[in-house]
Amino acid sequence: MTYAETGSIGDALLRSGVSRRVLLEFAGKLMVAAPAGLALAAQWSPEAVAEEIAKARRPSVIWLHFQDCTGCTETLLRASKPDLGDLILNLISLDYHETVMAASGKQAEAALRDAMTQNAGKYICVVEGSIPTKDQGIYMKLAGRPALEVLADVAGKAAAVIAIGSCASWGGVPSAGINPTGAVGVDALLKDKPIVNVPGCPPNPYTFLGVVLQYATAGTLPALDAEKRPLFAFDRYIHDHCPRRAHFDAGRFARQFGDEGHRHGYCLYPLGCKGPITHAGCSTRHFNELPEVWPIGIGAPCVGCTERNVAFKIPIFETSAVPAPTPSAQYPEIRPETGTVSAVATGIVGAVVGALAGAAYVASKRFSKVAGDEAVPGAPAGDGGKGGKGV
Amino acid sequence: MILLSRRHLLRTVGTGLSTAAVGGAAAVAAAPAALAAPRTAPADAVGMLYDTTKCIGCKACVAECAKVNDLVPDTELSGGLWQMPADLNTQTKNIIKLWADPATGQTSFVKRQCMHCVDPACVSGCPFNALQKGALGIVGWDGARCIGCRYCEVSCPFEIPKFEWKKFNPKIVKCELCRHVLDRDGQPGCTRVCPTGAVVFGRRTDLLADAKARVAAHPGTYHLDHVYGETEAGGTQVLYLSHVPFEKLGLPALPDRSVPTGLRHGGVALKLIALPVVLYGVFLGFFRRNWKVHEEEAARLKAEKGLEEQL
Amino acid sequence: MARPASRATPLGVPLGVPLGAPLGVPLAPPHASVIHRWQRGVSVREVPLVTPWFLLFAGFFVVGTAIAAFRLFGGSLASFAAMTDVYAWGVWKTFNVMALTALGSSALAVGLAAWVLGRHRLHSVMRTALVTSFLFYTTALLGLLTDVGRPWNFWNLRLPWRWNTESALWEVALAMPVYCALFLLYENGPMVVEKLWNARSDRVRGWVRTWHPRIRKTYPFVVPFAYVLPIIHQSSLGGLMVLAGHKVHPLWQTDLLPLLYLVQALICGFGSVIVVLMTSCLVWRRPLDVKVLGELANLMSWTTLGWLVLRLGDVVVRGRVGDALAMDAFGVLFLAETAAVAVPALVLRSAHLRETPRALYTMALLACLGGIAYRFIPTTLAYAPGAGSTYFPAVPEIVITLGLVATVVGAFSLVVKRFAVLPAPLESWHHAVEHDSHAHPSHRSDAHGHAVHD
């Protein structure tokens, strides 16, 4: 039996006996995972989001595995609230998935062909794993066909392609080093299909689900960056949203694994953390549905798994550059202003100077304008003034 | 009236002059003018090299400096929460400042502290050698000699020394390259904790060579391919490499001539011994001539009017 | 008194090259008999010692001292001064020391003119110059004492191995107190001795009779020191700002600062003694002597012209004419200061105006103003331009400064009433003697009114 039943997600949930509370919980988690940039989650409340989801038709998803480790599937499987069976398989119609489907062999191939035929042009093709291109792509074959061919075939009839994981996004681990198989990501091969890259090794499951449900509810894909990554999850560097950023700013570092700084949870920059140059949302959306379960949170420096120029290229323990697009306002200026001018003091000086100038003027008037006049100054006409009283 | 014979005159003047000369020479010779100014960096001069392209503004150096030097961190601006000095001050011997150009978005950090000049203006001006260029060329302050005149603040072209205005017993506070722990740690606190190696410690000669190597290896990276401090104000032991113009970072454009050179025309012996002696001799000569006239006047005054002279 | 005949000349002019000839300045006739007005110093008797004005000045002195004393007993400089690390020198070192000691250089200026250049006419005003100098210097040193942050280390002055002979401030710190406490005091000695001589006590007179000739013998040998020392430290005051380097605006910063400050001290010395003399005559109703005043003005004018050549020449040679004419704050300040110095010099080239009291007074005032402006500006107004910081003295600072200046005025008025300082005609001397003998009948006077001694 295939899962390719049409109908709304709400109906599917009802049929499976999944309680509304589970859906609400999921809706809440989705809102946290995508606080901005995902239209579906930009509702007033989890109830509103849940209603949106329930109304949508279950999208048909065909999931392809190529050169992968199945980690990206695992990340979906690790979700337990809701778990894969309860919710995820009701949110999407997972028509072909080599890891979880019951069928194998010829039945699996038949399932793939059926899914493609019945939902042609409407299904979402999810790609996990990179595609080898060297030597006509013989290094990964599915049912005797090279991955290149399978991709072109399946993705060619899809409505949209989601490349889940770094391998599918840009090549990932198989492309490291000399890249012996010529592994590349999906967008290097498909040029005329809407592609969303969700890199990460593995990525956060809610990011993936958010993209899929956005498509299911609104038929659109979320806003993407230049690397086709959804902005709602990949717009910031880890460094700019890291809980340990204050330690970085204050110069408190863990310099060796297990040292005092490490135990105190200080910044892992000297241990090679690539947070400053890695776009990802891991610092706010943690893994395994437990808070602080993410690499830096457990004391392991970020390796930059989402970035094609960082992961498996820059050595893990090599310190990264730190681009500072908006440095903190807490740095002192080059020339701070100092000094206060007291108004009272200015007034006093002004008064004194004025008084002296006035006195000088008055005194000068007492002196004669006649050359050679040696009479006592100010003497004539009985003007008392200063002279009379004396000092 | 006093009438001096020529012999008497010569003897008196001669004694006076030679006493003055000997006394002056003794005083000046005893005073350590040599302490005032070495003109070239000592062979073992140490310093720091700071590279703005490597600084990430983490301020670990600021925090560590306060720790090593037993300074109470300046938390005034943050309301007592974080060390947040607005500038070098009596609690902050080392600081990271930020320059940003809002128009282009270009930024740079800069680390400021004492430059440990090769021929320091502060050392030249300090009346009692409280500031001295000591071992390894480090400029240090000695409280037993300081009178708190703040001439060092006036003369420093980089405006580094800070004075404890608010204290009854005020000190002059500035970076001294952690000379009190150099033996123990081998380097100052700031260079020890810098995570990127933006500031490094070493012999000035080595640092200069390193700086020039970096300039050569990365053409177009460093502003004017220039190492600031190589020749500025006679050379400084703290050197800077920057990707933005130095003036923007608060490092002034200074001539190669060291600041105290302007006062050294002629030298101490000339100014304090030869010139006074010559002047004295000249004045004495003229004075004595006019003294004679004065004596005649006084005599006449006494004879004609019975009045004493008024000197 | 016998004198080798070969040494005498009809006019009594000293032998040798006419002193003033190389300067192109006409020689002043040396004989006191040519002076017809100011003949000798006479104390002011017509006015009581303590007057309301004196009380005002004394009040300033007391308040200023109280504030300054607070510092010595547990205060800090910040509590009564607005100085910051950018403007580390406030108003005492810069105004009281660098500016006001220029006004206090009248002892140097008049002394050089009278004793070295042979302007014997100026002897009558010598004492006024000496008293003024002493008071300005003393208050400057008091200001300096208030200003230093660690005054207990001043004993380093007595340890020559701790001296930094390259430091201009060391020169000032050593030479100024020595000059003031030794030489100025010495030079002011004769008027004290004169008063002691007229004392009632025979024992005092005996002391004077023993020591006065001995002291007098040393006079020609000690006094030249009193010219060498201020030459050294007045030029060192200029040297102080040389070390400020680029922080002083280029219109003022030059290696020539020591020489310029020194010559300006001479100018202000002449100017201040003219102002003091004329104001004293106005206040205590004394007649003027335009010949003496005119001579002082003449000397001041020539010195100023020489100074202007140095100053303006220096600006031109260093290529700063553009800055001078820039019409920004500093350019205007430079022009104003130069005008304040130049206008008196040019106006007083006129012999007619040199003997016109009002012209003398106003021009001398202007010259003093321009002079102290020149010495003050590089320390504060033209210092650290563009630093983004400001400085203006705090109220206590101003009060202390006013107190110091008031001390000069008040003390001066006391001194001139009790010692024969201010010059007056001979008749005044006789009046004073009569007044004295009426006040102290036990005095024995001879026919000339001079106290009789055995």
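Each chain gets a letter, A, B and C, in the order it is written, and its residues are counted from 1.
The definition used in the following text is that contacts are C-beta pairs under 8 Å (C-beta built on N, C-alpha and C of every residue); 3 or more make two chains touch, one makes a residue touch a chain.
It should be emphasised that the depicted structure is a prediction, and the values quoted were computed from it without experimental measurement.
Most remote from chain C, judged by the distance between CA-atom centroids, is A. Across B-C and A-C, it is B-C that has more C-beta pairs touching. Geometrically, the chain at the heart of the complex, using CA-atom means, is B.
Put simply, the C-alpha centre of chain A and that of chain B have 51 angstrom between them.
Centre-to-centre separation between chain B and chain C, using Cα means, comes to 32 Å. We define each chain's centre as the mean of its Cα atoms; on that basis chain A and chain C are separated by 75 Å.
Multi-chain contact residues of chain C (touching two or more other chains) are listed as 84-86, 387. Counting partner chains per residue, chain A has residues 335-336, 338 touching two or more of them.
Interface of chain B with chain C (complex): residues 1-3, 12-13, 16, 27-28, 30-33, 35-37, 89, 121, 124-129, 143-151, 153-155, 157, 159, 161-170, 233, 252, 254, 259-260, 262-265, 268, 271-272, 275-276, 279-280, 283-284, 286-297, 299-301, 305-308, 310-311.
Residues 335-342, 344-346, 348-349, 352, 360, 363-379, 386-387, 389-391 of chain A are the ones touching chain C in the complex.
Those residues of chain A whose C-beta lies close enough to touch chain B in the complex are 248-253, 269-270, 276, 319, 321-322, 324-325, 327, 330-336, 338.
Put simply, chain C touches chain A in their complex at residues 37, 44, 46-48, 51-54, 82, 84-87, 278-279, 281-290, 352-353, 355-362, 365, 387-395, 397-399, 402, 413. Of all residues in chain B, only 56-64, 78, 82-87, 95-100, 105, 107, 109-110, 193, 195-196, 248-250 touch chain A in the complex they form.
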